[in-house]
Every structure is written in C-alpha cells, then in structure tokens.
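Consider the two complexes below, in which subunit A is the common component and subunit B and subunit C are the respective partners.
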Partner chain A sequence: MTATPQAEVHTPLPRPSSRLERFARRQGWVVGVAVLLAALVGWRASQIPAFGAFELRGIIAGTMTLALLAMAQTVIVVSGGIDLSVGAMMVLTNCIAARLMLDRGLGTVALVAVAVVVVAMVLSGLIGTVIVVSGVPDIVVTLAASFTLAGLALIVLDGPGGGTNLRFQELLVGDFDQPLPALAWLAGVFLAVWVPFKRSRLGIATYAVGSDRAAAFLSGLNVARSRVIAYVLGGFFSGMAGLVTTAFTGSGEPRASIGATATLTSVAAVVLGGVSLLGGSGTLLGPVLAAFCLALIAPLMLGLGWDPNYAEVARGVIIIVVVMVGGLLQIPRRLR
Partner chain B sequence: MTATAAEPGIRRWRQTLVDRPAVALSGVLLVLYAVTATQAPGLFTANGVRSTLLLACPLAILAASQTLCMLTGGIDLSTVMTANFAAYVAANQSGQGPLVALGLAFLVGAAVGTVNGLGVGVFKVNPLIMTLGMASVLLGVVTVGLVGDGFLSGSTRLLPVLRTVASGTLLGPIPNNMVVWALVAAGLIFGLSRTGLGRAIYAVGDNPIACRLAGIRIWQVLLAVYVVSALLAALGGLLFSGISGSVGPDQTNAYLLPSVAAAVIGGTSILGGVGGYTGTILGALILTVLNRLLLALDTTEAFRQILYGLIVLALAWVYVRITGQRGA
Partner chain C sequence: MSQPILQTTAVAKAFGPVVALRAVDLSVAPGEVHALLGANGAGKSTLVKILTGVLRNDGGTVAVNGEPVALRGPTDARAKGLAPVYQDPALIRDLTVTQNLRLTGVDPAAVRKELAAMDLDGLDLDEQVRDLPLPFLRMLDLARALVFDPQLLVLDEITAALPPDLSDRVFAIMGRWKARNRSVLFISHRLAEVREHCDMCTVLRDGRDVASFHPGQEGGEAQIVAAMLGEASAGVRDQARERAAAASSEDGQARLVVRDLLIDRQDAGVSFEVRAGEVLGMAALEGQGQDRLFEILSGNVHAAGGEILVDGRPLRARHPYDAIRRGVVLVPSNRLMALLPQRPIRENIAAPLFNRVRRWGPINTGRERRQVNEAVERLSIDTRAAAQARRLSGGNQQKLTIGRWLAAGFRTLLLFDPTRGIDVGTKHQIYDLVRELADGGAAVLLFTSELREIGLVCDRAAVLHNGAIVAELPPTASESDLLTAAHGLEVTAV
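Right after this comes the complex of A and B.
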C-alpha cells in the first residue's frame, strides 16, 4: 500500500495513553469500590459513638470468610470458569477442621490446618480436572460437586459440633478488640500467594486462558493445566475460608444452606469487584473490597433502625443496579 | 464409550443416539426404573407409577423454565425463589377466592420475569448475576414480609383447587397435575419448534451476533423468555405447594440443582442453541426415580447427597461423551 501523492491521507498515529489513563481504565473500578467501602466504614463509624478496635475487628474477622471465598471465585472466574461449590468446600473444611481440632494443642491444630487446606486444594483440583476432562459445563459440574461436598461434610459432622484451640482462634481472627491478626492474614495471603502467582508464568497463563482459550492454546500454553491450577488455587482460598470459619465460630456447622448462600455472595462480590464473568480480566483486590461492602449492609441497616432483613433486598438491588450501570458504561465503549 | 470405537455398527448406533437423545434417555429411565423397583417393589403398582409422575411434575415445570433460559445461553437462578414467593402469595390471599389468589401469584411471576428480562435483554446483564440478584431480592422480600405484621404475615390456607389439581388422581396411575404438565409440555414443544419466537430462541442462543444482523430484536426474545420462565416457576411453586399441602419460604430451594440438572441430562446445552423440552421431561423423570432409588437404599442423608451429586455428574458426563456435545 503506497500512498498516492495527490490524495493526502491523514492517518492519526495511535497515541500512547498516559499513565493516568491506563490507571483509570485498569483500576478505576477497584478505586471506586475502595471509595465506596471507605464511605460505608465512615458511615458505620458515625453510627456508633465509640467506634474502635472492637467494631473493626468484628467487621474484618466477620467478613474474612467471605473475602477469602471471593478470592477463590475470582481466580476461577479469571481462568474462564465458575465454581458454584466454593461455599460447600468451605463448609466441608470447616467441619473437618472442627472435628479434628477439638481439644488439641496448638501444634496439632496447626498441622490439621495445613492438612485441611491441602485436602481442599486436592478436592478442588479434582473438580477442575473433571471439568477439563469431561467437557461437562463448569456450572453443572460444580453444582453437582456442591451436593457431594455437602454430603461429605454431613459425614464428617452430623450436626453442629467440634471445636478448636483458643490460641489458634486468637492467632487467626484476633481477640475481641484486635483487628490486626485477621487483617494481617488477609494481606499476607494476598501478598504471599496472589501477587507472586499473578506475576508468574502460571498467573499470566491463567489470564490468557480465561481471555481466549483458543488463542492461548495456539500460543502453546497448556490450557488444561492452567484451568486445573486455577481450581487448585481456588481450593486453597476456600480451604482458608473454612479454617477462618472454624476459628471465628469456634465450631463446625454442616448445614448445606450456609454453603449455598456463601457461594452466591462470592459470585456477587466477584461481579461487584469489577471482574468480568467472561474471564481473563480483573484483579483480586476488587472482589475483596466488594465483599466488605456487601457485609457492611446489614450492620448499617441495623444502625439506621431498620429491620436488618431488608439487607437481603438491598444486597440484591445493589448487585442488580451496579451491574446494570456497569453495562450502561460499557455501551459507549462497544459503539466506539 | 471410548472414542476409539470405530466399528461401523457402533458408530451408527452412536449416531442414532446423537440424533435421537430421547431414545437413549428413555432407555436410561427404564433401566433405572427397573433397578429402583427391585429395591422398592411398590413402583410396579399403579400407585407407584402415580407417585413418580406426581413428584416429577413440579420438577419438570421448574426445569422447563430452566430449559427456556438455557436455550438462549442463560440460566435462571431465581426460579425457586419465584416459586416460593408465588406459592406463598397464593396461600396468603386464598381468602379472596381462587381467581384473585392465583392471579396475584402469576402477577408475581410476571413481574419477576419482566425485571429479569429487561436486565438481561436491555441492560445486557449476565443472566447468572441478574437472576442471582433477583433471588436475593425475593428472599429478602419474603423474609421481610413474614416478620411481624409484614404483608405476607397472617394466615396461610392452601387453595382447595390447588390441592385438587396438584395431588388428585385423574384415573388409574395418572395424577391430575399430569394435565397441567401435558399442557405445558405441548405448548413448549410446539412453541419451540413451530413458532417464530421458538426458532428465534434457538437462534439467539446459537449466535446472538448473527441474530442481530438478521434483524431479530434480541431484547424482545429475551424478555419473552424470562417472563415465560418466571410464570412457569410460579406454576411450579403452586403445584409443589399443592402436593406438600403447605407453603414455606424456602420449600422448593432443593429443586434448584435438579432443575438445571434435568435440563442438562435431557440434552439442553447450558451454552445455548441446542436442546429441547422432550429431553428435559425425561431428565426430570430420571432424577425423580433416582431420588426414589436413593431413598429406598436406606442410607443416611449424607450418603444420599454424595451419591446424588456423583450420579448427576456421571449422567451429564456420559451424555456429553456420547453426543460429543462438549462445553466451551
């Protein structure tokens, strides 16, 4: 294609976008969620005269389970899948941990904790393998798995029970007025597991596979392995969520509805956190912040003197409205 | 079932199964029924057949709404909450006469479906999230309505007409609710294969971009699908309350997985464009008989759940293997 001299064609060169533009495009949603969270925490603080370490610990430790489940869901969604069994996995690990940790010393409890997380990783990896090998859609496999996992939880504990070590509880979720341990664990998992993973070849492969499976395959990536690894990492986060539940409640509870609700909330947190359900994009931070936002709704309503049962309605409305607004924001980009 | 089977006879046999999944599914159903009957001999009597059909009906109706959504590439996670809500409204308003009560119940369904359809069709929200949010809203509304002197509190009395339709017997082993089921099935099977909307539903699920370029108003198709889906959900909830003889804010929740599973086992692809209601009917019957088998096995609830999950998975796996209909 040589340009003819008489027709002067102006081909605008693509201008490199500025740092700010790129930051706004990549992290804009997460910053928005962070601002929302800050506003909600500020609001909650203004509702309680003596807002302090006690309330903060309650919020952070109480939401840690959900935040970890949101992480699990995010990794799997980024890889192009979805896991409707994360909640059931949490319930199962909670029951295993509570049963084995009852009346044990800290050393044994720590060993059990590690073993429980490994079990969750293996089971989740197994689910991922079945999805990849069978070709059955992930929604179906994980829905079926949620039944099986809930059944296993009932075998481990046939009713609420079990227990754990007090010192272990303090170490994981903090004493009543210590928000730091829970926060440290969350930040630790994020910095020690997610950040290195995201920067490694495996992490980049996960994003590539989630973005376009065929293109990733043609680029020579091992698509099946990447997908299974995403489920294994998801299992790690779900297992951690089960441990945190054990530490926070001090017991095990095999009720299946807990898992189902937690799974649905984790999907909601993922979407509110700006992760596309189509896969291949999004960060882990957004869903974690979104999980805290979702968890703050009920206490805020209590503070307003409303029936906290409205929180469920508010949560649903917020999910729908935010996603609709997100859809509207996408329209100009699509037309461009 | 290995892919290496290349003998012409086996290939032809497999092709038949691919072309007519109903044949294979009927075979599975018959074998499963026979096996179950060895554990629970009552199944060979007219009453056994009747109870199977009776229990399969609400599941098949809820699975119908799931089938419709899945054909467009969506899913409806709010079906069971819609069903619960509609049944509750009907029981709560039964004092006003059956016409008003049933009308209000279906109005609930229509409203839910309209919001879902607008969200998915117009605002392009992912169906999973849209219906998940809707389920959350409905759960909250029902909970709030039941607390104190909320709008759902007060007496709940099941409509006598529901009891008759849902649990009466027409003749022999055929329960009354088979009439409703047959009407729904005929409407869906005819509508999906012979009407413009029905073909558009398949087309939208198969290739939305091609549909848009062909001039199909996708949002109207999706709106229609989600409204019909929610109306079917309301119907399923009403029939279930008629069978159980009561209403509860979470009584059909256990049907969520089976309703999706029935459609999947019946050959409807969760990715859209492939499937139909005939398979879903068989899928719902298979799952109902499976449930009966697990109950007959006299094990614990825990073991039943494990087996149920594994068998649903195995059925879906075998189906995908035979038909070569792989997920993305």
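Right after this comes the complex of A and C.
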C-alpha cells in the first residue's frame, strides 16, 4: 500500500466560473422579473395616450405599501420563517398613525411616525421571540398574531377615520404628479437599510440560519437571535408600510380583510421574486419588482377593457406560469 | 509521559432511554495522531460531538491540558483549542465560501494561505458552497479548522469521500501537526490508513472504550477487529454451518439477478444474484452505496447503468409500483418512511393490498380484514396500540412493515437493516420470520450493519465496498473476515 506511488492520481480543481456565469446563476431571476416589469410598464404606457408623471406616481405610490410588505416577508422567509401577520401589522400601524396624527403639525407627525415604526419592530420582535422560545411553527404563531393585531387595530380605531398632515403626505408619497418622493423613499430604505444589513455579519447570519440551521449552529452562530432579528427587521418594513398607507389614503382603515389580502399578496411577491420559501436564498430586489408586476395586472386588464374580476384570475395564472418556467430553467443546475 | 492534551474520564451520554456512551476514557498525548475506532453505533460520533461542544455530556469530565473544561458550544470548543472537521462539512450551501468564513470570524486570507500549503490555491472562494464538489468542501473545512491553530484537530471520517491524492494531503497535515507537538484525533473506517498514520488507537464498543494500543504493531489489524467485535457467539456459527450444508444441496432458481449495476457513474458496478428460497446477506461499511442500491432495486431511483433481471426478465422500474408488481418489495430501515404513522395497523397492512384488491368502487372489507388478521397473527404484532402505527414500539413497527407485504404478496424481499434499534427478543422473531419466508420460497436480500446477522439468518454473504461486490463468503465466515472484506482488504483464509 505504501509502496504504490499515487502521483498519477490528480483530482482536478473545479473549473472556476466566470463573472457572467455567476451573475446569471445568482441574479438571473431578478433580471428576468425586471424584464417582465419593463414589458408590463411599456404595455401600460402604450395603453394610455399621455403616459406621464401622473400615471407613474399612481403606480409607484400605490404599490409602495405592497413593495414594503414584500420586503418584510422576504427578510423573514430568507431567515427560514414565514410571517402571516405582516398585513395585520400594516393595518394596526396605519390605525395608530391615523389616530395620533389627526390635526397635528408636521413635527408631531414625524415623531409619531418614528414611534409607530418602533412599535411595529417591537411587536414583530415579540412575535419572533415567541416562535423561537416556544418552538411552535412560524406559520401558527404569526397566523394567531394576525388575529390579535387585527383586533388591536379595531380597538385603536373602531371605524374608518383619523387623519394626517398634508405636508407629511406629500413628503412620503408625493403630490399627484410627483413620482419622485415615493421612489426616493423606496430606494432610500433599500440602500440605507437593506444593503448595509445584507453585507453585515447579521445579514449573512440571516441567510445562514435560513439555509441550514444545524450548520449555522456548528459555525458558532446564535441561531435564535438571528431569527428574532429577522422578525424585527420585518417589523420595520411592515411599520413603514403602515405609514405609507396613512400618507396615501390620508386616513386609517381598520378592516381586517385588507391586512389578510395584503399578507397573501406579499407571499405571492416573494415567490414571484425568486425567494425560496424554504429559506436561505433570494434577494430583496426581486420581490419588490414582483410586487410592481402584480400591481400592474389589474390596470392592464382594465385598459384592455376586460372585466377587472379576471385580473385576479390572471394574477394567479401568471404566478404559477412564471414560477414553473423559472423552475424548469433551473433544473440543469440541480442535476449537476 | 507529559500531560495529555485531551483527557476524558468516564464520559457518558444518553438520549432518552438510548444510551450512546456509557463511560469513555480517552487520552491523547501531545504530538500524537490518535485514531478513534468502533463499529457503527459504537458511539464515535457522539463522543466527537461532546468534544467539540455540540452536545453536553451527562457524566464524566473532559480535560484540556489537564484542566477540566465545560464546552458551551462550537465556538467555545474552538477557543479552548479543539477544532473539528465533521463528516458533513459545516458550510452553508446558500452562501459563498468567503461569507461562510466571515460568519465564523475567520480571515479569508488565512484560509487561502492554508489552501496554498495544500496546493489548492486555485479554489475560488467567491463560489457558492452549493456549486463546489464535496471533497473540496472537506478540504475547505479542514483549512478553516487549521486557521484556528488548534491544539487538537478532530477529523471525523474526513477521508471517507476523498480521492487518494487529497487524502495524502490530509495525512501530510497530520504529520505537520505532529511535528509541531500538537495532536490529531482521527476517525476512519479505513484500517490501512489508521495503521500507517496513527500512533495510538482507542476502540469503542457499546459506548465504552475497550482497548488502546499502537495500531501499527504486528497483528494490529486483527487486534482492532477483535476489539471492535467483542466475543463472537459460537452458537451462531454452528447454526450457520448446518444451513450452509443444507443450502448447497437444494439450488433454487435465480430470482433476482443484478448485472454490472452502476450505483454511481464512476463505480465499477454491482453484480450478484439471489435465488428463490435463500437469504443473501449483504455487509458493508457506511457509505459504500448500499442505500442507493436498495433504492434502485425497489424502483425508487434510476441506476446509472447495468441490468436487473427478475425471474429472468429485465426489470426497468420507473416507479416503485413497477417493482412491486413484479413482486420485488422493500422494507426500508426508516420504518416511518414505509408506514402511515397516524393510521391504524389495519390500514397500514391493507395499503399495499389495495393495489390488488380493486381499482374502482368500494373495497371488499371482509376479504381485507381476513388478510390483515392473518398477517397480524403470523407476525404476532402486539395490537394494543392498534389505532395509530406511530404508537407501536420500534419492533412492532418493523414487523408491520414486513407484514404489509405478507398480506399483499411478494416474491423477492429487500430488507434494509431491518433490526436497527430493535430489542433482542423481537430481533429473533424477525430472524425466524425471514428464515420462514425464505424456506417458503421467497428470495431475500438482507443488508445488515450487524455482522452477526449474516451468520444468524443468511445462506450466503456478499460484501459491498465502494459500489462493487468485493467478496462472496459463506455464512460460516467469521465476523472478522467479513469486516476485513468490508474494509476492501483481501480475506486470507476462509
């Protein structure tokens, strides 16, 4: 055994992949969704003779809530969980904000806005802690939490009402023909919150616990803390979504069905955005773009003169087809 | 002798009622490459997990450099100078290698230096872990462990999936560590490696350390095998001899013939046959391809090449259903994979039966009940927990998985480690049942991780190593011969 020279055997190193290959592999889905979005926007533009700032503002400001909820859901799904209370959290923060902001000056309103986001982060962190400590699955705890939050919203505001400061509205979602504030806020949240988070050890840890909890533990990570942090960050995005709703509608609306629908749409955006529901992979940008795609379907149908009820049917079909085609495109990689 | 780097005293660990470690004393001196050996289930992995802070020991002490320590977690263990490389690399698949390193607070430049020392500096650390082949992940894990500059490097079966040239680099590192008066705890099933590279070895059996000696000495291999097995029972051998004599006189026809079946693309191919009325035992170390072989035979997975003949006609199963229709049925090692855990015994036995009973329309419950009752009686299943199969004991669950096929009918039975984790009494009932089935004309292929069972129930034994049958032995072959063959070594005298 010792006498046999083993110099002839040489295991070749794996072939290094080029930057382009790697980009296609990791960001291909996001690029695909971006192309889909561009096509939908182009289509929508062709339907309206004078497509301009007004329509653009309508699309961006109107979808901002959903985009933020998709962000909230993405962070939590990446960490290996799922949050069925993001919509209810948005409704609750909307109601708190509308009640406290009614007839106030801009200074007070800004203070309330910050406080409301903090409340959302604390509540969401609490939900995450319950999940981690009790060991009850995420889906059960967050579903139950969504009922509680929806109930709290009705206690805060027993019917549509409340209000906010006009200047605050303009600053957050822009005037009728001003798409820039909404776009700036979305980009700002993305660049100032998500990008630093993703590059930090905390962000890597979020992906790690979502990908493989056992390996993350063996790497010396505090798995429980990472999971709770994902919920806290999710709470930040949900709270922001509540504020945007307040600014966009100028009032509070405690109806529970709004929250339930928003939650399910956020999950759809996450799936369409290329984030694995099993956790550990995906980007934040994909679901945000996907949220815009989903929001464009109804106006497009309207432009075609179709019954808007078909929009919901189309939405479902599009999600299934896109995810199925994406899955087929990824098969060669899995077989390697 | 100088103070040992690592000293465990009476370390014990139990998982509920299952005792994994009873009392293990292990002492690793500075500058020593120490092998930890033992048969499957002897407690090696549990001990490694305790030494690296993944599990806490229930009893006994672990001392590093003479000082008793309580290891609170993997990070703590590394800080105290114990760095592991696990069997499955502790790298997160969805992250790049660099991200994985940052997670553990390791400087990628330092890892690159260690890789360069192993002549692996061509490895791209910005690649996602999922895109790198397993052998290189092991090497990366090793490089990461080396960066911590541990007093004791713990290598858990690192060479199991490594090609020879990469294994040699691991041995070079072990030599380097020794030269620096640091130590290595080396776990491997390959006795040749242990004899060549280790200064000492400790053999575990049933959660105790049973022997410590220099493995390279004259007769070291025989000593290792003897220590791993303990005293072999003589009665088994006599039974086997009778059976061997009886079997040779009556040659059944070949029921299941496997020709050059490729478990994996690079394997040599598996060939064997099982005749009607015989039990062919299959022995192998962990990870030799047995799991996949059984999955292929049962129609669950496609072979990479080769041929399976059932009753002389080729079987190309696209689905387990195709194999079952040809009478080839599998009893997997994980019983809950075969059973409907939340359904009653009756439904569990009847489930495969429904294939034959009727396709449409109501099921003839009278006939179903009759067949089920027959099976229950024949197996003497304890029916007190009849309402839910998961409430049955492991032994009764295993009888149930066999019983399903009794009611449904079969001609070839594939048993994958059917007695794992079952008490001795039930084991013997299962042995009797298997013999009875074979004597009734069934062909049985039995993989077992307990070599004793080859002598107890089998008519012949085939030894699988690296995806190929390396030896065929009579049931009278001693356990040490089987073990030697399973390590891929030549069996001298049979």
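The definition used in the following text is that the second predicted complex is superposed on the first by the 320 of 336 C-alpha atoms of A that agree within 3 Å, B and C clash if a C-alpha of one lies under 4 Å from a C-alpha of the other, contacts with A are read in each partner's own complex, and residues count from 1 in each chain.
Definition applied: contacts are C-beta pairs under 8 Å (C-beta built on N, C-alpha and C of every residue); 3 or more make two chains touch, one makes a residue touch a chain.
Owing to the predicted nature of the structure, the values given are computational and were not obtained by experimental measurement.
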First, second, both or neither for A:L218, with subunit B first and subunit C second: second
Touched partner set for A:A113, first subunit B, second subunit C, both or neither: neither
First, second, both or neither for A:V75, with subunit B first and subunit C second: neither
Partner chain in contact with A:P14 - subunit B first, subunit C second, else both or neither: second
Partner chain in contact with A:L284 - subunit B first, subunit C second, else both or neither: neither
Partner chain in contact with A:V140 - subunit B first, subunit C second, else both or neither: first
Broader residue contact with subunit A after superposition on the shared chain, subunit B or subunit C: B
Contacting residues of subunit C [partner subunit A, same complex]: 54, 73-75, 78, 86, 88-95, 99-100, 102-105, 120, 122-124, 126-128, 131-133, 135-136, 163-166, 168, 192, 196
Subunit C partner contacts - residues on subunit A that touch it in the complex: 1-2, 6, 9-11, 13-14, 16-17, 22, 25-26, 201, 204-205, 207-208, 210-212, 215-221, 280-281, 336
List of subunit B residues in touch with subunit A within their complex: 75, 77, 119, 123-126, 128-130, 132-141, 143-144, 147, 250, 253, 257, 260-261, 264, 269-271, 300-310, 312-313, 316-317, 320-321, 326-328
Residues on subunit A engaged by subunit B in the complex (per definition of touch): 82, 130-131, 134-141, 143-155, 158, 213, 256-257, 260, 264, 267-268, 271, 277, 307, 309-317, 319-320, 323-324, 327-328, 330
